[in-house]
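One chain, chain A, links the two complexes that follow: it is found with chain B in the first and with chain C in the second.
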Partner chain A sequence: MEQSSESRPNGKTILIVDDEFGVLEVLEFILSDLGYHVVAALNGQEALARLRDCAPDLIVLDLMMPIMDGAAVLQTMQSNGKYSKIPVILTSALREQNVKERCSGYSLFLRKPFKTDKLLESIQQLLAAAPAKSKPEQK
Partner chain B sequence: MANPGDHKPMGMADTIGGDETGGQAAIIQELRDAVSARDDFLAVAAHELRNPITPIRISVHLLRLAQETGDQARISSLLDRLDHQIERFISRMDVLLDIAQISSNQLRLERSEVDLSETVKRVIEEHQPMLVRAGSELTARIEDSIIGFLDAVAFTQIVENLISNAIKYGQCKPIEVTLTSARDQAELTVCDHGIGIGLEDRERIFQRFERAVQRKSHTGFGLGLWVSRRLTEAMGGSIGVIGQKGAGSLFTVTLPLKGTNR
Partner chain C sequence: MSSDRDLTRVASGVQGLDTLLRGGFFRGGLYIIEGAPGTGKTILGNQICFNQAKADNKVLYVTLIAETVGRMLLNIGQMTFFDDAAIGDSIVYISGFNALKKDGLSGLLHLLRREVTAHRAKILVVDGFASASDSAQSGEELKVFVQELQTQADAADCTVFLLTNPTEQTPSSEETMVDGIINLESCLHEARSARDLHVRKMRGTRHLEGLHSYQIDDDGITVYPRLETLIPEVSSDNGWTHKISSGNERLDQMLGGGLPTRSVTMMVGPSGTGKTTIGLQFLSNSTKDEPGLLFGFYESPERIRSKAQALCNSKAGVFESGEVEIVWMSPNDQLLDDLGDQLIAAVRRRKVKRLMIDGLGGFNKAIRSRPIERFFSALVYQLRAEGVTTVCTAEVAEIIGPTITTPLWGLSDVTDNHILLRFREVGAALHRLLSILKVRDSGFDPGLRTFSITNNGIELAESSHDAESILLNWYARERKIAIVSAGAVKTGDE
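Showing the complex of A and B:
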């Protein structure tokens, strides 16, 4: 049975968005193991739906995805005050220089394949510095 | 790496300047397109090479942790997972290799007797975890024992490309796969009910990889369809798509079972 985010050891919800099935699978595994409540999405469109439902504390967002890419997700988040403060770790196979030309509004960039330690450290630091989150939208 | 689309190749536009004739302008445009195409390919290649390495790297990290605790059951399960991830990586590399071979006209088919029915069933089975993750239900109607004299790797690649495409663009909706045969021809169909493809994009999605990725956003179809078309045609078959934007896509691959090279 799924635990509510409040009953998890650290009570934090992380939304991971990636079209690479293998990435979702291992990130979900490692982050759940560390006690985070993990919600996954396979593209930007799905991510926006999850964003409304689960009010994540942090997002690990891939840039190049089908249907809706990471840049469009960031743009939508920036235009909505409710989501603009959520820390976003943007990931891509591209170099950061190329990523910066395509989008803005992310907290930190990690180039794939990133080191797991670096990702986990970044998550901890961003969560520690993040303001308290707002509650999920009522349906 | 330069920004795709923002090029003045070799400064030609500057040197020729106002003296551009129609012919020169066309050459300049061609050069610009070539540079943009190169950058698009580099972006796609980076995506295809670096992305599948990410889960492999994370799994190595998890293995190190498991090794410290000496949890043999966990080590064994992680090794299985790692093995699977490496298989997927190899399969992705094969696509890039196919592209290189097709581009340089060096694609060589290795024909043998292939059980198409079993191949399609196996590929569907391998995609079950992805289907569960995507929330799509796949229904298959596979005629038994369709045997063809084809390249097994190429046929598997085509089936994998079409099924993974349907999952990625299928928006969590049902997917239907059929495999039938008639008059020495096999017909494979993969139907999704996702974003669909507009009339104007139907030819584009099968074009060379350079055109397969939309410049400003990376929401275009990937390399798989171009590769699928080339592999299908190399085996003497054809591939097509029908459907409407927002109403899903139906891909149909027809292949001669007795083996005709094109």
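Showing the complex of A and C:
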């Protein structure tokens, strides 16, 4: 039975969005093992759907994806006050300079391929700095 | 019904490959690039993408492979064709693995259709197509997929490349349907790696058939079309009537007035007989209007220049002032057709008229997958077509002795003039002898001449007299040794 986010050691929910199944699988395994509640999405469209359901504390978002890319996800989040404060770690094989020309609204950038230590450090840093979020509405 | 785009080519931009394809792939076509792991499929696929991005075409690269896009780009990023700025705008990398895993071939096809349209892609690369083939429930399903992809590619004017591993069944069902197939092969040639590219199928074009060498380095893939497939369509047989100086007046007299222009002269002899000296004398007659080239394997340009200084005396300046270019190649780990390509390029670059190849054995040490005579035959034809008069050196193993083994079998058929250099030992002295065995379409002096090497190059004796007495003495000595040896054997038997 799935644990609720409150019952987990650090009680934080992370939404991982990446079209590469291998990347998604590895990150899901590592973050779950550390006690995070992990929600996965394979493209931007799926990510927006999950966003509504899981109210993540942080998003790890890939830039180049089919159906809807990371730039479009960021744009949608920026236009919605409910999501605009969620910290986002943007990941891409592009240089950050090239990424900056394409999109804005992310908190941190990690160039692919990245080491998981670097990702974990970035997650901890952003979660520590983030204001306490209000509990998701009970259905 | 035909339209303008029927004949539009999409250049790969890969050096040598477009030559094989007579200009490139056809726009809207579907092509398979097949090869075992490590043969360079992903490099070739990316190289085509970046070259097309430079030409302002949108590219979609879909991976079905285990390697992540980040890791792949990290590796590709080391190559000179890689352009960071092209990624994202011109080239989009996405994974098709989930679509394939979730909904099979129809899911993948749906993804490809949608993304090609969304990105207005003119080039689509599907890397790891073997995963798609493996996921097909039947050959029929795969056929339908390929057919639909082909229709989609044609409709979107998008050229598609499927990168895959070799199939057990050849031809596989998809191979019968695509517009072209390129095979990449890698094998060991003695202790060295040899790579060959084979355009196995190419609809609508008379591509260059057979195996062609390729190499992978920091510039990506470079293909070297087999020299014999590039034979120019111009006659190279005219021009025999003119002669140019060999650089040595007496040798010119023996040759019947000099070397026929566009001819190829082979100088055969053991090391130290003076082959390079004669070649340097030939090059020392180079001028701005008749540029020279020394294409050598064994001596560095510095060494050649100091040799020319010592042996060509007043004419040595041409080796310093640019009338003669010296190109030095290491004979190790070179591809035969790369050497041929570099030689022809150096000839064309300066419109070379006098060429010395020092020595032919360097070609023989290069990596090749076919008999060398075919290469030489094509090289000679090319050089004639370029209007070059060539002098080559070839070393023989026998230093002193009555027999001489042809250094490169089959070469005498394609070369025009033959000069033989020998040592003969008489008493305590070593003598050099020169003789002409053949001059194409011309009379010549077949007499043997002694010669010495001086500050002015070789100095040939006026007549055969000295050579004759040296040979008579030498044969008399040989006969005496033979009689003494026979006697010793006879005594021993008794």
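Note that in this section the second predicted complex is superposed on the first by the 133 of 139 C-alpha atoms of A that agree within 3 Å, B and C clash if a C-alpha of one lies under 4 Å from a C-alpha of the other, contacts with A are read in each partner's own complex, and residues count from 1 in each chain.
Here, contacts are C-beta pairs under 8 Å (C-beta built on N, C-alpha and C of every residue); 3 or more make two chains touch, one makes a residue touch a chain.
No experiment lies behind these values; they were computed from the predicted model shown.
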Next on the checklist: Both complexes share chain A, so when I overlay them there, do chain B and chain C fit or clash?
Outcome noted: clash
Checklist entry - Which holds for A:125: it touches chain B only (first), chain C only (second), both, or neither? => result neither
Next on the checklist: Just checking: does A:116 make contact with chain B only, chain C only, both, or neither of them? Give me first, second, both or neither.
Outcome noted: first
Next on the checklist: With both complexes overlaid on chain A, does A:80 touch chain B (first), chain C (second), both or neither?
Outcome noted: neither
Checklist entry - Which one hits more chain A residues, chain B or chain C? => result B
Item to check | Which of chain B and chain C A:104 touches, first, second, both or neither | outcome: neither
Checklist entry - In the superposed arrangement, which partner chain does A:30 touch: chain B (first), chain C (second), both, or neither? => result first
Next on the checklist: Quick check for you: in the superposed arrangement, does A:40 touch first (chain B), second (chain C), both or neither?
Outcome noted: first
Checklist entry - Between 170-178, 224-232 or 350-358, which run of chain C pushes into chain B after the superposition? => result 170-178
Checklist outcome for this item: Dual-contact residues of chain A, meaning touching chain B and chain C, are 19-23, 42, 63-67, 93-95, 98, 102, 111-114
Item to check | Residue ranges of chain A touching chain C (in the complex, touch as defined) | outcome: 19-23, 42, 63-67, 92-95, 98-99, 102, 111-114
Item to check | Contact set on chain C toward chain A in their complex | outcome: 63, 66, 68-71, 73-74, 84-85, 87-88, 92-99, 101, 111, 114-115
Item to check | Interface residues, chain A side, partner chain B - complex | outcome: 19-27, 29-30, 40, 42-43, 45-46, 63-69, 71-72, 91, 93-95, 97-98, 101-102, 111-117
Item to check | Complex contact set, residues of chain B against chain A | outcome: 1, 3, 43, 46-47, 49-59, 61-62, 81, 85, 88, 129-130, 133-134, 168-169, 171-172, 194-195, 216-219, 221-222
